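Note that the chains take the letters A, B, C and D in the order they are written out, and that residue 1 is the start of every chain.
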Amino acid sequence: MGTIDIMRDIVENPQRIIEDWKSDGKKVVGHRCLYVPEEIIHAAGMLPYPTFGTPEPITKADSYFQPCVCEFIRNLFDLGLDRKFDFLDSLILCNTCDGVRHLKSMWSTYIDSVPCYIINNPQKMYDESGFKFYRHELEMFKGMMEDLSGNKITDESLRKSIELFDETRRLLKELYMLRKRDVPPISGSEALIVSMASMLMPKEKANPLLRQLIDEVKTREIENADGPRILITGSIIDNPALIQLVEDMGGVVVVDDLCSSMKYFWYETKPNPDPMDAIVKFNLERAVCACMHPSQQRFDYLKELAREFKVDGIIYFLIKYCHTFTYESPTYQEKLEEETPTLTLEVDHSLSGLGQLRTRVQAFIEML
Amino acid sequence: MITVGIDVGSLSTKVVVLNQDRIMAHEVRSTGVDAKKASQEAMDTVLNKAGISFQDVESIVCTGAGKKKVPFEAQQATEVMCDARGGCHLYPKANGLIDIGGENCRAIKCDAKGNVIDFALNDKCASGTGIFLDAMAKALRVNPEEMGELSLQSTQDIEVTSMCSVFAESEVVSMIHRRTPKNDILRGIHKSIASRIYGLANRILLEGELIVLGGIAKNIGLIATLKELMASDLIVPDEPEIVGALGAALLAREREE
Amino acid sequence: MTIEATTPGKETFTPGRFGLKASEEIFMATFAYYAGLKAAKEEGRPVIWAYGVTPREIFHAVDAPVFYLEHVPFLLGFQQIGSHYMQIAEEHGFSKDVCTSHRCFIGCGLGSEQEREPILEGMFVEPDLIIAGNYPCMSESKAFLCIADRYDCPYYFIDTPINTWGKDPPDYAIEYFEGQLKGALDFMGEHGFNLDWDKLKETVRLSKQILLLFKEIDELRKAIPAPMSSMDGLVTALLLIQVLPPSTVITLYEKVLKEVKERVEKKEGALEEEKLRLMFFGVPPTFNMGVLDSVEKYGAVFAKSLLECAQGGMFDPSGIESFMDPEKPLESIAYRTLVDLINPTSEAMVNYMVGAVKDFNIDGVVAVVKRSCGLIPPYLRQIKDAVYKETGVPTTIFDLDGLDTRDYDDVTTRINLESFIETLLASKRR
Amino acid sequence: MITAGVDVGSLTGKTVILKDNEILGWSLISTGPDSSETAKEAMDIALKEAGVSFDDMDFIVSTGYGRIVVPFSDKNITEITCHAKGAHWFFPSVHLILDMGGQDCKAIRCDEKGKVTNFAMNDKCAAGAGRSMEIMADLLDTPLNEMGGLSLDIKEKLAPLSSTCVVFARTEVLGYLHEGAHRNDVLAGACEALADRVSTLLKRVGIEGDFVISGGIAKNEGVVKRVEEKVGLKANICFEPQIVGALGAACFARELLEKKGKKKKR
């Protein structure tokens, strides 16, 4: 399968994208979360780059952060200390959890090669005063992006970027919808690779590749996948090996509701004459992150997915010390379990405890 | 002036008899279950080794986990002070020390005159280094003393988690089941301990010349792996175990003057 | 007043020593307040469970009886029974990464009748309303979900933006947070707590007086020898988090002020012979405050601790006069909460710590890491480096969970404390 | 129809041979460094006891920590599913099973046919619970099988050891020993902490119906009594709790054979 291998290569070594983009003097802005509006960065002529972590164990960061800080953040800080993110012209964080807030001040204190900025997004959805507050914050962010890139962001350029990013979201969603079939044409780990590659690549290159992939996948012959259909949810899983583990144990992963896949593209920007307002509403009317209130919409969204994809079991991956999702998971487990068996699993970002994980996943799949 | 320093560790008890700057005699024995008995026996053996009686000793300083259990009259001091005093006495130019004891490890930063600027003790997850190594030696059916050399003959690098010694144990057990070569597992174990110690040293930004103390410092495999990780050069005194007790004896002399 | 150890086998734990008579009074008044909650419930008045360190003025303004999240786990910690409730929460699937204070509160809520020990029985009331929040720690913003589910009571979530602007947050931020407070007041209004605007103004005026009193006590603590023991400091600060009626708090603080003034004039410290002045950062071991007093044999006293200026006092006290304006009550509370040091962008806290170490002439800072806390551990290193760079004062950081007895290791805590003190004494002698 | 179940744990290797629904023979040996060797050894002993040869085996299912490495097994199933089936074989009315292996402890709920409906395993920090009992035994130089009894006659009540982390519990044991605490009291503290952690796990899956304890811990009456007290249920323990997993595997082998209908060629 040509296209997926191209994408797997991009995910495994993304430097080539950076070199191509920077070769003609353009800038790259890193970000860590979905609530950072990539369209504004793109409209200023810069490449929004999601800083996925790497599965290596943490070394230097442990002397700056206590070990009880979420491993994803320590991994990013480790890479920052090793100057692996020096190609970034700026790192943009947003107000989703305590760890990220302190990552901003620790990064600004100890890593001077990449400037860091945090967007103060409200954590309440469908709230008029929240839209007003967030609009002010995004105006400041837009001004910053204009200064960094030296280009003016016009309504026209913003509208074009929004359209471009929505096209990618539509294509990824179309691809994921194919997994509703009894025999999904694309495996869970492959789907995650496609989604991560599309997030990494400039969207101008990603969209044609996605169209080509969808045609190839539609006609793809897959022998029967008779294992139980699994829905995976959690925060940020940027290592396809974890999805591969579930599939090796006989599960057929049909839905992966993660920050590195469906949470990124399941919703689209509603048409709006004022593009900035469109972005404000886009972020504050989609319940993808556990930090957002009220959480009822995200819970109904999960139940709806489970029904739509005819799922037999749900696996809820929690990254150790990730407070935002850990507080919510017991209540979610109870509610989801009324209809579908649900397993909550604690995962290390560096996947160190694979042995124990394998037993738990296999036992769960044997149970379905 | 004759002084005695006794370090009642959780696994082993060390005693040093000091006359001015000369070590007259020293003794190392396992603490076992009864710290009181162990410290009394260690004291008696070291005294007749040095050929002196209890009355000749001007003052005694005790340290270590079981310092409250010492039956004879002695002043107390913490391990951090004793390690620093002893280490800097042997190597005045050292910038810091790492003490890998049986139960927990300590990183100490000192200034030119041997005074402690900063220190860090291992957190819960990193404790039990001694028990962990013994358990691994038993699981791999290897003599604990040889673990160091064997680990140096390993050919390929394998990852053993450095988060906590219980996970490391379960990972090693599963590696044994998968028939991974013994030397490679040993190297993985040593790397796991070394990176925990490296993390501890990093917490107080230890660099420059460092002295490595404690019974486990005799394990050349661990020292080699630690050298790879840490930019600084490491010195291992010939009797790394008794440096704490030596420091206690030196403190006894200072407090007497 | 001694708090006997109620956990069997934990006789080794000794309660903290009250230096001031007023501290004991505050402690008793706190328990009396919670007994009052049960009375309010019997009279049929709705009881509110308040999450986060929500500005207490909005509750005083409507005389709402409040069962307070950031306060109850401390009281249970003092009684050494906090871990019992944490275990109940774990039995309902809450992992050990959830903060011990929130886990304890969740355990109180989810525990069945028989599981509730007698001590909590005296103060426990079931919630009729919930005011939730994500201030100061974002992780507790969903801690109320299971309780709202269990007692299926309505809730309102107050969203507090983090302070990314330093000393003067922009108007749109104050306006937004003011709106959130207004929303909470309207929500309470719908459930029988109608707001009387004059009462809110009066509450803010009294609240300003409380903060000025607290500032005066805080100034006096700079005196050598330190007038208050660590237990005094902690109990005095708890008044700021909890919801005792403002008039009671003012009389209690006046008593504390009088006692401390006398002590400072007579040069009478918590210790006869004070050699070392320490500062405590993080949650102290509530179930074994005696371990903090154990350093007294070295002549060391905890002259100041960060928790002491909790909620409302935890900011640069010098700024109180300028912004607490009773005529604009909601705006004043909104501003104070946004600039509060604990609002988690650490620059403000690091600068305050450097200043406090100088003002209170501190010789050493003891910072503890509560493993399950998301708010304080991430930036301890920043504080340690900043304090050492600017003042040369060392900081020691070690593991200590101040609320969970199951995690507590007395031996290592004492070794950490004693080693730090011995190094401080050694450097002081040079 | 003769089937076999091989359970290769981190500490012990077990085999059970079933003829239709009767136990023909079983074996329990300690795991050597090479688990495929252990599996062969355990199988040979069970074969000798059952008086049958290796070729008579119609279907073999492997389970346990080293289930993947057993060369002669036809299928591998996790120990959670096997312990449920095995417990059901011994006590058909069972609904709640506690299994404590060397590396981790598991609380399992099953329906009336022995099929798992829910399970919970210890979180990462409490791993190696069974293994730690062995190290406690070394530290206190007490034989593993006497620990339970000794832990029940308490001299002076100590604070329970930390139940969160096994490494930390070991350092605490050393601390208590140096304080001069009596060995029985320290043993009591260790068993109390283990029972504490295990009862939390059991309550997470729900405490109802008949209760079975399997795995090595069932032989430690100190832990068993304390768990019974905490969950308020009487524990049913079969004659050899450590072979429950292997027995379950043998039952699955029979079921799979019936489903497939033909002898498995090897």
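What to note about this one:
Rule of thumb we're sticking to: a contact is a pair of C-beta atoms (placed from the backbone, for glycine too) under 8 Å apart; a residue touches a chain by one contact, two chains touch by 3 or more.
If you're wondering where the values come from, they're calculated on a predicted model, not measured in any experiment.
Annotation of chain B and chain C: jointly contacted by A, D, touch as defined at the top. For this structure, the chains sharing the highest number of C-beta contacts are A-C. Compared with chain A, the chain whose C-alpha mean position is the greatest distance off is B. Taking each chain's centre as the mean of its C-alpha atoms, chain A lies 36 Å from chain C. Centre-to-centre separation between chain C and chain D, using Cα means, comes to 46 Å. Between the CA-based centres of chain A and chain B the separation comes to 46 Å, rounded to the whole angstrom. Residue positions 65, 103, 123-125, 127, 168, 171, 175 of chain D are each in touch with at least two other chains. Each of the following residues of chain A touches two or more other chains: 63, 320, 346, 348, 353, 355-356. Of all residues in chain C, those touching 2 or more other chains are 92-93, 95, 369, 397, 409, 411-412, listed in ascending order. Chain contact topology: the protein chains form a complete graph, every chain touching every other one. Contacts from chain C toward chain B in the complex involve residues 369, 394, 396-399, 409, 411-412, 415-416, 418-420, 422-423, 426-427, 430.
Contacts from chain A toward chain C in the complex involve residues 63-66, 68-69, 73, 95-99, 101-106, 109, 118, 120, 122-124, 127, 129-130, 132-133, 136, 290-291, 293-295, 318, 320-324, 326-331, 333-334, 344, 346. Partner chain A is touched in their complex by these residues of chain C: 92-95, 97-99, 102, 134, 137-143, 145-146, 149, 157, 159, 161-162, 164, 170, 172-173, 175-176, 179-180, 344-347, 369, 371-375, 377-382, 385, 397. Listing the residues of chain B that touch chain A in their complex gives 123, 125, 159, 161-163, 167, 170-171, 174, 195, 198-199, 202-203, 205. Across the interface of their complex, chain B is touched by residues 57, 59-60, 62-63, 67, 348, 352-353, 355-356 of chain A.
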